[in-house]
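Each of the two complexes below includes subunit A, the first together with subunit B, the second together with subunit C.
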Partner chain A sequence: MAFYIFRRFVNYFILSAIATCLAYVVASLALDPASKYYGRNPQPSRQTITNILNGLGVNPDVPVLERLWNWIVNLVVHGSLGNTVGGTSVVDQIVSRSGVSLRLLLIGSVIGAVVGVTLGVWGAVRQYKFSDQVVTYGSYLIFATPTFVIGVLLMIGATALNGAAGMQLINFTGEYSAGLSGSWWDLTADRAVHLLLPTLALVLIGAAGYSRYQRSVMLDVLSADYIRTARAKGRSRNQALVRHGVRVALIPMSTFFAYSFGTLVSGSIMLEIVFSFHGMGEFTLNAITQSDINAVAGSTLFLAVLVLFSSTLSEVLYAALDPRVRN
Partner chain B sequence: MTNLVSVPDPSAPTRAGDPLLEVTDLSVTFPQRGGPDVNAVRGISYRVHKGEFLGIVGESGSGKSVSSLALMGLLPSSARVTGSIRFGGRSLLDLNDRQLSGIRGREISMIFQDPLSALTPVYTVGDQIAEALLLHDFALGKRAAQARAVELLKVVGIPAPERRAKAFPHEFSGGMRQRAMIAMAIANDPQLIIADEPTTALDVTIQAQILEVLEKAKDLTGAAVVLITHDLGVVAGHADRIAVMYAGKLVENGTTTEVFAEPHMPYTIGLLRSVPNMQSAGTERLVPLEGRPPSLTALPRGCPFAARCPIAIDVCRETEPGLLVHGVAVPNELALQLPGPARVDPALAGPTLADLLEVEHVAACHRSDEIASGLLTRADVFPRPAPLAVRHSEALAAAEPVLSVTGLVRHFPLTKGGVFSRQIGTVRAVDGVSFSIQAGQTLGLVGESGCGKSTTILEILEMTRPQAGRILIDGKDVAGLGRAELLRLRKDVQIVFQDPMAALDPRLPIGDIIGEPLTVHGVKPDARRGRVAELLDLVGLDPQMADRYPHEFSGGQRQRIGIARALATNPRLVVLDEPVSALDVSIQAGVINLLEDLKEKLNLSYLFVAHDLAIVRQIADTVAVMYLGRIVEYGPVAEVFARPRHPYTQALISAAPIPDPVIERSRKRVLLEGDLPSPTEQIDGCNFRSRCPLYTLLADSDQALCATVDPVLRAHGQVETACHHVERNDLAISASLAGREDELAP
Partner chain C sequence: MSLLEETNTAGGTPVVTPAPGPAVPDVISGRTPLSRGRLIWRRLSGASRFWVGAIAIAAILLWAILGPLLYPYNATGRDPLNMGLGPTQLHWFGTNNIGQDLYAQTLVGLQKSIVIGLIAGPLGTLIAAVVGSVAGYMGGVVDRVLVWCINLLLVLPSFILLVILSPLFRGLSWVFLTIFIAGFSWMIMAQVVRSQTRSLRDRDFVKAARYMGVPIPTILGRHIIPNVASLLIIDATLGVVASILAETGLSYFGFGIRAPDVSLGTLLAEGTSAAVTRPWLFVFPAGVLILTLFAVSLIGDALRDAVDPTSGVNRD
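What follows is the complex of A and B.
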């Protein structure tokens, strides 16, 4: 069992490493960090630009595989991901920003999964009834709406609510109110209120996907013979559905959680921009617009590690749920 | 016949007092979205008394399962259920789900058909049995429930129950899962056990074990049993009473002895006459019961069986007959004690339907009186087809064999690991098999699932060099053939598959399906069309139907299409892979007769793979019994069936149910222990040793021989048998035969 998980972890580890290296190569080939300096007025000398590029390790005259090798050696030996074009350490940036992103992602994806599973089960049990139709059309609507539109709509709604209440019930700009001082509790409550809308948006996106998938899995399980067996034993309909139905229907979901995590991450990048969070999303987007190869590679590594852990977690969950894979 | 009726069944319980279960005028309708309603059950009434064993027999779609799910209250909420179900003084249809949940599993329990899917895969077997206990006994602790679950597993015959209780369903074989289901069903000492096709998915040997366990469970709990099945053989030996269902109606109900000996309803007569009986199979032709049941959405006026009934008269197409007592001289004391005339007209005041159900034998047919009184003999209703004029197979027996297989081996490596896989064992699917088929002959290949039958025929059809051994088709070794020669040879060997639903491409008209083999061999379109028409005619289908699609045909017709496709290239050898096991009983006889006709007409040879021994005896000339990749007995059908020499053959034959209650109740059984061992196991000596009923009886010195030396096929008369102690088996058989004669002579 532990060996099985370990093996899967090693698998994902190798995949993450390959993904990061590929991202580095692609970023190196596609981005042109020098152009930024050529566009400056007065234009720095060619020698200055070359020195800057060499200092960052992104000189396009050096073969890309050599640069990749240097980057890897630097990472393994010094634990460094190089510097951003702004001159700060990429690792420092990730460390300071990841907390913001992780908080949003973790809370959003966990609540989204719970809500999605619940809605999916409910929809399957009440197939074709009015409530099922509402959930179905609702989730298609969310699918069809771009993430930033959802964010903006939520903001508009919150503004209207604040207007109606006559006070600032929901704050949604930034991660916390600047300049607020008070007890630890006040600060936490302030952060929670700021987190409310982006989390809600992420929950909506996650739940829309999970509920569709859970509904179809649950429909398969509903007609399974063992539900009938449980009923024949004397379990009531709801008990049989939960104890024997949902329990089995969660097994394929655990894999789906891992694979849909990527979608959530890209959703949260959008939301960070919309809600002006200074998290990894903003960092990644800025890195691309500024042609910052080291920052792009660093944030890809960060995302790869996230996916690595979520996949391993889903393997653990799968093994915990399904005795058939344990040995 | 009369002497059969007079044989009293000592185990039959008395039908005195209030019935345990009383179903009156039960109807189940499924409304369809935008379509006509499905009338699955249409007003059935029956009673089950304490400790009684009722068999409900019917084809698929007859409503037998739906009616029992209605008893349990387990139908989908869309179903409309009317009528009344009284159980132990309560009206079940008036109870809500919570009240019913209190009865389900405690007073009425149910065993389902497919043990592979009936257990929740994520809980241990012990937990699932304990769950059944804990649901109805709140005082019982978790630990006590687990202990009781282990006990129950022991009762149903699961070895090492303490360990197996902690196993998950996927670690159980099909037979063991069904045992676990029975353990669950008897956990709370129910008064009624409903078993819905409990053995249909299992091998005959396992089926015999499960029926035995069910019988034991019934004895232990004193529960009444309702056994739902399509197999008349299964009910013959166990049921006290039989109810026959057709198109949602009960058409006959009586004691097992009576229904089998003197059926009153033509459908029952047809069913009984169409089933091959292992005792008489092969000596006479089967009686086909043509046609298919009517659609439950558009039932015809009158008797639903009229369209298939050879003795239907005008009134049958006008009014549907009710369930009545028939026969002026009912040879039965109970019927004579009836208040009022034995022949009851429902229009007359007098005994109610409920009274009639207490009577031994009722049937729903306008002409049952004529049948019961002997005016219309059962042989006239469904006459046996004339025997074939010539059986010239013997004359050709000396010619070169069409197929000859010598020492065929197919081992599969068992590997572990993904990227760096390593071999951790070998699956000995086929382990040295030899047989031959003469022109115009049929070889029956029988054995439990997993014995290597399918691998053997796939090896033959693949026509490549086998891992070891030789395959000669028409005298040519397939190993050395080039592409062109192989293509030519493929014409000579064709296959008919088991499942006629899955074997035909649903998007091709059947004319194209049948003609497809001809396109491979480059036949011109015009010639192909002519040939397709000829083939359709040959298998008894209208050539006009060539443009229709497979879904427009019934199961039996589809299998005929499969046969026509196999015959398209004029093969010499046809491999029949369980060709009738997916068909309803009443359809099987027609297909078997067709196969026999075609064999004679076209001088075909068949390699007939089956697990139904009665059908093998019916159609085969030679039989090969396979066990774990080996042939353990090989010889002429009549000889092998009359005097099985290998203990495995004896067990197989004795496990196969015979649709005759008198024979079933009196014959001695050789029950096999346990399941087929895994083919990966390396067993020294005889590989049947672990389950051999003879082995346990042998002296130590004789056992040593079995444990060390692998027996080879040796000739014993006309039969070859792979057993060291054939002589002792002879003794055992004669002993059991003597025992049977003693029992039969009162």
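What follows is the complex of A and C.
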């Protein structure tokens, strides 16, 4: 099993590495870092611009593969991802911002997966019942709603709620209240309240997808012979459902987790911006608008590492659930 | 939603297993057996979801085409006497802070979003059909290379890829945006088509064609693609939803449609800042968008059921 997971990990590692390199090349070709300086008034001299671009390692006159090579060497030897156009180190930016993004993404996707799987199993067991229909149409409604609309609608709802309560029950702008001081407990509680709405949005998106998929897999499993066998040999209905049904139905789910991770990542990037969190999402999108090649490459690397971990995790889950791959 | 679960369906033979749903008249009556197309249509026309979705989408299309003709205001003109007003009899969806009519703008944006969805969705399916069937049929090196490319494209979320590529189509017309959206939406369906093709390749009718010396493109077009057609139709339908979502997402964050073009995404972006104080600027375009996508996904879902009632997927 360890060998199996290791092999999959190497496979994902190579894919992520190549994807990052390709993203670097594409970003270098698509973005024009010099245009920002030409647009400045008064315009800096050509020599100044060339010096700045050389300093960042993004001079378009240098062949793109050479720049890519320098970027990789810099990363491997010095552990550095270069500087942003603002002059700060990309690594520092990623370190300070990734906490915000990871907190949202991790909490949101874990709760989303648990809720989704539970709803899916429940819907399959209670097929065609009213509750199943509600969950089904609810998830279609969520599929039909862009992520940022879910975020803004939650904000409108929270404002209405705050207005009705006559006080700030739910704060949702930014990651924490500016200038708040107090004990560690107060600060954590404040952050948790700010995290509530974006997490809720992410949970809704995740749960909608997972519940549909889990329900369909579970329905296939429920009609399988081994469930009847389990019942026939005296297992209670719940035991048969959980020990023999849910466990088997989770096997294809583990692959689906990896597939759906991309949706959740782009969802959380959108939500970060909607709720003005200063996380990796803001960093990535700002990097594009500012034609900042190093920052784009750095955030791509960050995403690729995330994808690498989530894919490997789903393989571990797969191997843990499916005895056939273990030996 | 993903179509991964479809891997066990759409063989060449008609699926005659009765669906368990009470609303689906699946009894084959009469002497002549039903063709697959007729059978699917029977199941489809028995599903109330399909009719709700179809009628809604027909109404929305008619509204998007005819609506602007029957309305006195256009999307760019300003009404200086009624700026920043809520919905009134004069301006049905209200006006923005420079007096532009939101109803007219919503319809123009709806047209653009629908056109983008209707082009990008089927285009993505076309790419998936070609890549998937070629990879599955050829096997060997071609298959490995194509599968590897698919996996590579799946590493990064396509939203991020499109954002990184957005400078390439920034100055160009929306058609390029549409092509780029289609270019990053075919990977999962291609995998499904590939696995279907691999099992079809060894069927007798495909073998017969191969031994008769029929060229590969003809085999793919005449024998492989028609056998996965039902899957492709579903994917194209749901692809419309995915493409419109991609377009609005990109436009909302400033990477897609740009002024002077208007889409539902740009309208929502403008409306967001006022979403709490003047909600009509956000709620009306959002509602129209959700309604459209919901209707299309109802049709897609009903299609999926009609094509494959035996899979557990969504058989309600």
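Methods note: the second predicted complex is superposed on the first by the 327 of 327 C-alpha atoms of A that agree within 3 Å, B and C clash if a C-alpha of one lies under 4 Å from a C-alpha of the other, contacts with A are read in each partner's own complex, and residues count from 1 in each chain.
Just so we're on the same page, contacts are C-beta pairs under 8 Å (C-beta built on N, C-alpha and C of every residue); 3 or more make two chains touch, one makes a residue touch a chain.
Given the structure is predicted, the values throughout are model-derived calculations rather than measurements.
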Partner chain(s) touched by A:81 [first = subunit B, second = subunit C, both, neither]: neither
Partner chain(s) touched by A:16 [first = subunit B, second = subunit C, both, neither]: second
Touching partner for A:159 - first (subunit B), second (subunit C), both, neither: second
Touching partner for A:49 - first (subunit B), second (subunit C), both, neither: neither
Partner chain(s) touched by A:30 [first = subunit B, second = subunit C, both, neither]: second
Touched partner set for A:205, first subunit B, second subunit C, both or neither: neither
Touched partner set for A:323, first subunit B, second subunit C, both or neither: first
Larger contact residue set on subunit A - subunit B or subunit C: C
Subunit B versus subunit C as contact partner of A:265, first or second or both or neither: second
In the complex, subunit B residues that touch subunit A: 72, 74, 97-98, 101-106, 109-110, 112, 114, 117-124, 131-132, 135-136, 168, 170, 181, 184
Residues of subunit A defined as touching subunit C within the complex: 15-16, 18-19, 22-23, 26-27, 30-32, 124, 127-128, 132-133, 136, 140-141, 143-149, 152-153, 155-156, 159, 209, 212-213, 215-220, 222-223, 252, 255-256, 259-260, 262-263, 265-266, 269-270, 273-274, 284-285, 288-289, 291, 296, 300, 303-304, 307
Contacting residues of subunit C [partner subunit A, same complex]: 1-2, 4-5, 21, 151-152, 154-161, 163-168, 188, 241, 245, 248-249, 252-255, 265, 268, 272, 275-276, 279, 282-283, 286, 289-290, 292-294, 296-298, 301, 311-316
Footprint of subunit B on subunit A - complex, ascending: 224-226, 228-237, 244, 247-248, 251, 321-324
